[in-house]
Amino acid sequence: MKGKPVRESIVEMIQIVRPDDANPLGIAFGGAVVAWIDSAAAVAAMRHARMPVVTASIDSLSFLHPIQIGEFVVIKAAVHYVGTTSMEVGVSIESENPMTGERKKTTSGYLTFVALGSDGRPTAIPPVIPETAEEKMQYEEAKKHREYKLKLREELR
Amino acid sequence: MKGKPVRESIVEMIQIVRPDDANPLGIAFGGAVVAWIDSAAAVAAMRHARMPVVTASIDSLSFLHPIQIGEFVVIKAAVHYVGTTSMEVGVSIESENPMTGERKKTTSGYLTFVALGSDGRPTAIPPVIPETAEEKMQYEEAKKHREYKLKLREELR
Amino acid sequence: MKGKPVRESIVEMIQIVRPDDANPLGIAFGGAVVAWIDSAAAVAAMRHARMPVVTASIDSLSFLHPIQIGEFVVIKAAVHYVGTTSMEVGVSIESENPMTGERKKTTSGYLTFVALGSDGRPTAIPPVIPETAEEKMQYEEAKKHREYKLKLREELR
Amino acid sequence: MKGKPVRESIVEMIQIVRPDDANPLGIAFGGAVVAWIDSAAAVAAMRHARMPVVTASIDSLSFLHPIQIGEFVVIKAAVHYVGTTSMEVGVSIESENPMTGERKKTTSGYLTFVALGSDGRPTAIPPVIPETAEEKMQYEEAKKHREYKLKLREELR
Amino acid sequence: MKGKPVRESIVEMIQIVRPDDANPLGIAFGGAVVAWIDSAAAVAAMRHARMPVVTASIDSLSFLHPIQIGEFVVIKAAVHYVGTTSMEVGVSIESENPMTGERKKTTSGYLTFVALGSDGRPTAIPPVIPETAEEKMQYEEAKKHREYKLKLREELR
Amino acid sequence: MKGKPVRESIVEMIQIVRPDDANPLGIAFGGAVVAWIDSAAAVAAMRHARMPVVTASIDSLSFLHPIQIGEFVVIKAAVHYVGTTSMEVGVSIESENPMTGERKKTTSGYLTFVALGSDGRPTAIPPVIPETAEEKMQYEEAKKHREYKLKLREELR
């Protein structure tokens, strides 16, 4: 199976926080932000696999700053690492104040996606090819993160 | 500050998966499910703290089974452990097939919430009092999970 | 056809009132609340019949108190009585102030659902078995309500 | 307080049933239809009172025919009768098949609205003036319906 | 192919601007208003053609006044002119202040729709018959507008 | 007033077409696509002006190809030209087939935004500085387009 460069799966998505995405103090719900993250990450996973995908797991995510109604949420996602049948999609999220342009890092992490074959079951995914120095570092980090996660899952059994 | 029993924060929420919550194969987006989980967990956190809350972090969540359009998502949430200014809300999610009644465990985990005082800053939260044997076990688990998480965060710095 | 106990159809649903569910004074639209009630009642009806259902009628509903943005709407629903091809689902709705915990009864009533067979037409439904004293009382009330409703409908013709 | 003719409060609203408004068989949820009805009726009530309004009660509504995804829901609403502080808004709903133009009566009934003064409390509403023969008949019907409803409410206490 | 009078395609739709339709200043997004216009115009096009339709183009639209949350958006649409396989749907939009009843013209223009045959391709549409003096004038205007648009499109190539 | 380079206002937004965004044939509503375009263009306008903005006009938009449920809509927007109190935001929209990666141009055009000062009235906007050859060409085109539009508007009076 021929590999694909990371750049083919890069996604940028931007959302404006609306009143229904926020609590009565005007702060965006964590769940609303995760729904956007999952959406952007799914696009990255489909751009890499060119098959239907489902979210297998969402990494632990810490919200470093509250985001207000009217602010922009800027989401970047790309496939950082590929196992046999699963993809590690790295995501990084910033908020942007529309009046000042100030950007704050909101959170970052990984979502794991599985691609489904025509029988609806997990199927093999083309390898990912990191090209730039940054992509190579992200590849190693995502790989380490994944091994760590799998080891942890076994220990917790 | 007087403690509150776990039972005061217990929440049960049920959602029917609709077409917009699902991909073209009819499988619910992970992000849609997390948005519901965050919403139920926020209710549990507000029932305990009786103050506005914001999501500080969402635990790693694995989706064990795909959920289809038309299925029910049953979410249970309660405050399992309280630190000085943050609450560990335990959540467990099942899907229910409306035609057969079959229930499948979808995922479980923790969300951490912070309560905001009138100055909009994190504020002290009443302790939680586990009463039943199960609640006491959940308390110890949530405490251990939290210590582990904090230790991990420090290591990763 | 074997009967099923009431407890198998009990549903609890909770919703937070969001800005789009409310008028510019911040008071929830009656229609938004009815949409949630219908959704919870449909789950109760499907849990009893384990077949697809459609709303045949919604009882007269009085809204005793306005509900504000940010408040919780707690909906309880269960099948109280079953006729040949229709179910009377009893619903009771309370609002909960998230800051004080104060609960107020908002409304209660009945929704009638019909179950659809594989031919898309109304089909026979298993009887419901009230077990507790409260369920038996609810059964009699729902039966009386139904007879009254049918009689009224004939008179109005 | 000067009265206003019925024609000043007449509202026509049309909605296309979308997938999220319907169950997996493609039939519109009763609750979705009631949400649209409440919205149209609120416009009628505000056009009459020119004050903020809240739904006080929704009449018993029977759904005579299922409505499918893609069909149009045509809602007509107008203030038929006014009491001291409440308005009876008559609504009639038809579905329209977009491919054949066939129209079917779906349901009809009343919603009662209360107007809120600047103190947020129910306030006096201008009388309604029926002009046409049909409006006069609707006025008498709405009045009778209302008296009947109030009597019934007292009996049920 | 037998023609149809304009009156058969007339549509009136009303929407209340909700918080999620508006920016943090409370002014409705242009895009939200266009989504409603497109929806009403599609109903007009389907009422004329009684076939599935798709938007082929949206005319230049100027928003003459901001519309606030809580205001009504009143949309009128009808098929003004029909070419071989496309319809010119004229739309006119007003906002209405719910407290004063004041109406302001928001915008007007044309949307062009194509009807799709059972093969999913553009198909012939029945001619439209203007009956009143106003409809005849609108017919001529829409025809001129269309010719102008086609000529312009060619020039810009 | 100091100018700002075009690159500071560049926006990329991606959306997955969901069932509620599409007609029963599975083709995205033109109005849904315009709502996304307006949202992306508003972000570009706010990034340039760093003030609240409102849509003043939407250019004529032709939809060259139908977009299906599940496809991605990729929207690019940037401020191309600035007048005294208004901005011409150029937008270009492509659809992307998630399974093949095939991209098709859907439409392109301009939206004009006005920035609002603290008094809620249109206010002066910093000039835009095109830097690359492409940006300079876009600047000239947007300027010509704008002059043409203003001339046309006068003629039509």
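Observations
Lettered A, B, C, D, E and F in written order, each chain numbered from 1.
Criterion: contacts are C-beta pairs under 8 Å (C-beta built on N, C-alpha and C of every residue); 3 or more make two chains touch, one makes a residue touch a chain.
Just so you know, these numbers come straight off a predicted model, no measurement behind them.
Note on connectivity: the fewest steps through touching chains from chain B to chain E is 2. The angle of the rotation superposing chain D on chain F, based on CA atoms and rounded to the nearest 5, is 120 degrees. Of all chains, the one whose CA centroid is most distant from that of chain E is B.
Using the mean of the Cα atoms as each chain's centre, the chain most removed from chain C is F.
One finds 40 Å separating the Cα centroids of chain B and chain F.
Rounded to whole angstrom units, the spacing between the C-alpha centres of chain D and chain E is 27.
Chain geometry summary: the mean Cα position of chain A and that of chain B are 21 Å apart. Mean C-alpha position of chain A lies 46 Å from that of chain D. Looking at chain F, one finds that residues 19-20, 23-24, 39, 42, 52 touch two or more other chains. If you check each pair of chains against the touch rule, the ones that pass are A-B, A-C, A-E, A-F, B-C, B-D, B-F, C-D, C-E, D-E, D-F, E-F. Contacts from chain A toward chain B in the complex involve residues 23-25, 27, 29-32, 34-39, 42, 52-63, 66, 111, 116, 120, 149, 153.
Chain E meets chain A in the complex at residues 19-20, 23-24.
Only residues 11-14, 16, 39-40, 42-43, 46-47, 50-52, 72, 98-101 of chain A touch chain F when the two sit together in their complex. Taken together, the chain E residues at the contact with chain C in this complex read 18-20, 69-70.
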